[in-house]
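Once you scroll down, you'll see the structures, which are given as structure tokens.
The same subunit A turns up in both complexes below, where it pairs with subunit B and then with subunit C.
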Partner chain A sequence: MTTITIQVNGKQLATEPDKTILEVCRANDIEILTMCHLKGVMDVGACRLCLVEIEGINKLLSACTTKVAANMVIRTDTERIKKYQRITTELFFAERNHVCSVCVANGKCELQQLGYKVGMDHIRYPFLYPKCELDSSHAWYVIDHNRCIMCTRCVRVCNEVEGAHNWDVMNRGTQVRVISDFNSPWGESVTCTSCGKCVHACPTGAIWPKAIVQGQLEKKPGIINELVEKRKMKL
Partner chain B sequence: MNRQDLQLLTDQAKEKKNSCKHTICVCCGASCISSGSEEVLKKLEEEIKSRGLENEVAVIPTGCMGPCNQGPLVKYMPENTIYQKVDCDNIARVVQSQLIDKKPIEDLLLFADSREKPFLNAEEDPFFKKQLKVALLDCGDINPETIEDYFTRDGYKALSDVLFRMSPEDVIAEIKHSRIRGRGGAGYPTGMKWETVYKYVSDQKYVICNGDEGDPGAFMDRSVLEGNPHRVLEGMAIAGYAVGASKGYAYIRGEYPLAIKRFELAIKQARKNGLIGNNILGTNFSFDVDVRIGAGAFVCGEETALIASIEGKRGTPKPRPPFPAESGLWGHPTLINNVETFAGIVPILNKGGEWYSEIGTPKSAGTKVFALAGKINYSGLIEVPMGTTLREIVFDIGGGIQGGGTFKAAQTGGPSGGCIPAEHLDVKMDYEALVNLGSIMGSGGLIVMDQQSDMVDVARYFMEFCMDESCGKCVPCRVGTKMMHDLLHKICAGNGTRIDLDRLEELAVYVKETSLCGLGGSAPNPLLSTLRHFRQEYESRITTPGVKKELQPQS
Partner chain C sequence: MDNNEKRTIRISPVTRIEGHARITIQLDEKGEVENAQFHVNEFRGFEKFCEGRMYTEMPVITPRICGICPISHSIASVKACEMIQGLEPSYTGDLLRRLIHLGQNISSHALSFFHLSSPDFLLGYDSDPALRNIIGVAQKFPDIAKRGIRLRQFGQEISERITGKKIHIMGIAPGGMAFPLSEENRQALQVWIPEAKMTVQTGISIIKKYMEENKEMVESFANSPSLYMGMVGPDGEGELYDGKLRFIDEEGNILQDQLDPARYLEFIAERSVEWSFLKYPYYRPLGFEKGFYRVGPLARLNVASRMKTTLAQQEFLEFKKIGNGKPVHGTFYFHYARLIEALCNVEEAEQLLANPAITSNDIQTHGRWNHPEGIGCCEAPRGTLFHHYKTDPSGKLISVNLLIATGQNNPSMNRSITEVARQYVKGSDVKEGMLNRVESAIRCYDPCLSCSTHAMGQMPMQVEVVDAEGKILYQVERG
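Right, the complex of A and B next:
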């Protein structure tokens, strides 16, 4: 097995090629913020939180989709990156109706944690207050679009791991919505297997099981990768 | 069909063409059709027939001739006299004086208000005189719906020469030598792109023609596809041979029904003649083309989103790398070029890369098609050598500002581009010069604005466009363009503050640097360029909260 060296924030790291910058950094305890990344499903580079500076490349690249190359010099902690992470976080909160105090995911929400991590003490942009629906037609689960950040982790886990493809995305711009089948109520879905993977994949309080009260939600996003790895072993 | 058959067909077509003393070309591009040119064509045919001239005079529908706002246009060849705004009522009179009495009716000739008098030979009009047609060559002179007319212009000769005389390496070397750069906007060297795709080893490769022209005010690709579809098809086949692809897709937006119709017809005719399909001209090379119709999403002009759309998926972009040249359509190496780039391939191979590389500026070789629009006397389609100044384009070719107004700015590159103010009228238009001014070449839309234009509103308009067209995948573009639009709207309404302006500038740089694809990455350009050149207009709009309007400091 070949080994290459890369430099991250001034530190030399030895790694195998064919890994993403994110994988290498996480394996070496270098923190990179993410929202749309979920171990076990394909990366899409959509949340733009994991952007890193790479010497010799004038664009910021997403760590989750960029593979390491020999002698790459990477910075994850510049002022510019921190500033952009903060703006992205604020835009997440301003886009839809994230009211933590009444949210089932309060205290266990990845978006909330992100806000703490980037030191967001207030939001400088006007809240958009879109009118979003809440669909509780499914027997066990609820999807609340007010809390959705369009990370599409549910879409990918349903398609790639469960193989059901119940979830997809419709519309453009800020009108985008995660939809069940061809935009029918979740309870009427003919593809949903009620497996509940999307519940665990969702980083916020957008998808949750019924009979849960404020702050009581327990999510295990790690379960997705566990499943994927176990299947590989079986094969 | 083999090579000799092609030669024979070419000779026959030329002979037939030469047997007619006169040709009357009626512009049947989408723009002239909308002002009634199909009716004119019908009436003209009847008129010629009723005079018994049908053996001497050929009446043909053609693609775009250029000055679209003066349509319907009718051109009499070989005199090269163009009549504008042709009315069905005076067709008989024009035919009588033009063909029989040999006295053109000056009042009806193509004419811009700013000129002294109309020109009997349209080639002497600065509109045509200053142009150099390469991609648009033959567009407006031949009937795009018959392959025979294309044969009269040595159609498919370049393909035949390439197949019999050149190796794929030779073709790539010639294209590299020509220094042609991608005409879709980014200006990536075409030869290098071809070489990259050529070098990847794969049993299946694809060639895609990007005809998803979505910029407001741009219609270059549409006009090329409508006016000379075989040229694009031939260019694609040559590209297929050079990179080792056997399948091509032309992705054309659904808003261009005529372009789709004519391109599909061209495919059918070429297939029937064995010029695309299996074993082209008896060689081992096989290449077929299909049309895919876009649903009009601006983002599908971005190559990775376009590929997703062809695959039948939601048209959203993917992070690059990997680039399509390595992993494109269905994971195979894929070459994507713009319509205009493919249209330029045949002339390069016919006349040589050397010839092409000598046109233009040191860094941007060749010619560029622009779609002139806005407050200009001749709005329409032009092609000029790179390095032509904006002044020549607006005042000589375009005939100046409508109604004798003053030039304020030209917007290039559509929603991804910027505005060039009057003090830079002498800029030599090429890729680098426009970037230096905070704009981009883009696909070639050029909107001319006069003193009445409100630059803040221009920025707001383009931001609204980008906001609506954002695919919604990445946060900076989805939410950032919405926030910027709302701030611009607020400033336009006179309610903006200093803080809003600062925030707007911060967001603009943020969205530009962090967006996933080119749509978001270039969405702030109209805003940034108007801030750079017309900052005063923003400053005069912003207010200080709590202070009465009349007491506001006027900065």
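Right, the complex of A and C next:
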């Protein structure tokens, strides 16, 4: 096994070359903020929260999709990065209709926690207030596009882990939406197996079980990776 | 804004409470008060923007209507949800909800009496407006002010000890509660009971002393008769959380009894007026104006045959003597009624806390969408509250109707301020004391719109005196 050395925030780290910067940093207790990363499914670099500075490269790169290389000098804690994290977080809130006080995920939401972490005390961008629908056609679950941040964790877990590919994405820019099958009501989906993995993968209150009210939501994103690891085991 | 525009806005299904009020007093050619109108010119829109949401979200969304009575909204809402699910709450879940509701009522009544109204009784209606507030009371009567503040704290602590939050709590769920009450927290709440009882009794002695010393004013203060509606238990006892409705007429005759709240539309109708976002509800069988009724503590005591608890029952019998067996119409008696009710609430909370089942973990039953429509009702501190939801087969709301206590008192509030204005306003020479008396007529009802200024004990209010040609002669603003 080859071992390479990289430097993160002035600290020398020994690692393997096929790892991502995010994996190496997390293994060494270096905090990197993420929203779209979900252990167990492929990374897509969608949320742009895990941007890092790499010496010799002018632009910021996403830690979840960039592999480490020998002698790479990385910084995760500069003022520039913090500024971008704050901007990104504010844009999440400004883009859709997030009302934490009445949200089913209040107190259990990764986006809410992110707001606290980056010190978001106000939002500097005009709210778009898009008209988003709530799809309650499924017998057990609800998807509320008002609270979706387009992390696509539900899309990937449905495709890669469950193998159903009920969820996908349509349109671009502010019109982008997660869709069920070919943009039909979730309850009419022919591919959905009602497994509930998307509920656990969703970092906000966008997908939740119908019978649950605020204070009762328990999402377990960790079970996705557990499933993946268990499937790798040879009996 | 022309009339057409006004009509367009008014037609919208809106919830219209809290915030700012405006009073217009209309004078005739002789300078006498012809009419007075109480305007609520806020637009909230809850009924509209809740359409399209899941019905299970309503026990969390609707409490945001009000920071004083959020639990009543949550409870009316959760009952509507349970009707949709065809579900009965668990025994302990029901007890906990009842306890939280009592806590809110105690807290709200303490706020209304000690923080907002007691400055008038302890310092005087014509005292310096700069000191006529809870701060002024704290300076002159520090013990009373402290007790009042602590009584409110007790009410809120009930919510906090069960759900972790004092105001906009979470955890009131269809089928019961999401959180249990621990033994430690039960004991911590029990410690409060003796002090809470004593504080309410102090309040009762203050109001009784004032009523005795100002008999003429108290009896003549906005005392026109009206119908009353309130919730009662199976034996006609006063009930806040879960009961049936009773209507009585001006003479105390029972018009309707043990009426299922789900039938409210058969008995209550609403009409819009041009000059306010608050609608005019009335008792449908008697029609508009004749059917104006009042809700709230005074109404609840007027309709009740008895109180549930010992000390409150003793006060209730004294209260009944005021009307010689007939309903008590004087608006001022709202304060007295409120305190009798608070006493009953503290005693009932004591009984609930002594029930061993209250700390059980069997707090919730579960169900799914079964019926398209749900109606929930409870007694909020200011009166009977209805939540009415219609859903599509997936549980998404297609129609929301909220009938709120302040709205039901609206016709009577207008009538009361007209009476008070006629009594105290002469010509265009408006004194500050007059403004305070008109304001206090509104304060008797403790409407939700005063939420915005509870901290300072004053409502942001504007009084206009208008002559027969519509010209504004005098204008006083507050807030």
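By our rule, the second predicted complex is superposed on the first by the 233 of 235 C-alpha atoms of A that agree within 3 Å, B and C clash if a C-alpha of one lies under 4 Å from a C-alpha of the other, contacts with A are read in each partner's own complex, and residues count from 1 in each chain.
In the analysis below, contacts are C-beta pairs under 8 Å (C-beta built on N, C-alpha and C of every residue); 3 or more make two chains touch, one makes a residue touch a chain.
Note that the coordinates shown come from a computational prediction; the quantities given were computed from them, not determined experimentally.
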Superposition on subunit A - do subunit B and subunit C clash or fit: fit
Which superposed partner A:G196 touches (first subunit B, second subunit C, both, neither): neither
Touching partner for A:V104 - first (subunit B), second (subunit C), both, neither: second
Contacts of A:N171 with subunit B and subunit C, given as first, second, both or neither: first
Degrees between the directions from subunit A toward subunit B and toward subunit C, using C-alpha centres, nearest 10: 120
Subunit A residues touched by each partner, larger count belonging to subunit B or subunit C: B
Touched partner set for A:K210, first subunit B, second subunit C, both or neither: second
After fitting on chain A: smallest Cα gap, subunit B-subunit C, Å: 23
Shared contact residues on subunit A - subunit B and subunit C: none
Sites on subunit B touched by subunit A in the complex: 297, 299, 314, 318-319, 321, 467-476, 478-483, 486, 503, 506-507, 510, 513-516
Interfacial residue positions of subunit A with respect to subunit B in the complex: 44-48, 51, 59-62, 65-67, 80, 83-84, 87-88, 91-92, 94-95, 124-126, 128, 149-150, 168-169, 171-176
Parts of subunit C lying in touch with subunit A, wherever the complex brings them together: 52-54, 56-57, 59-61, 64, 163, 168, 170-174, 178-179, 366-369, 394-396
Touching residues (chain side subunit A, partner subunit C) in the complex: 101-102, 104, 106-107, 133-134, 136-138, 142, 187, 210-216
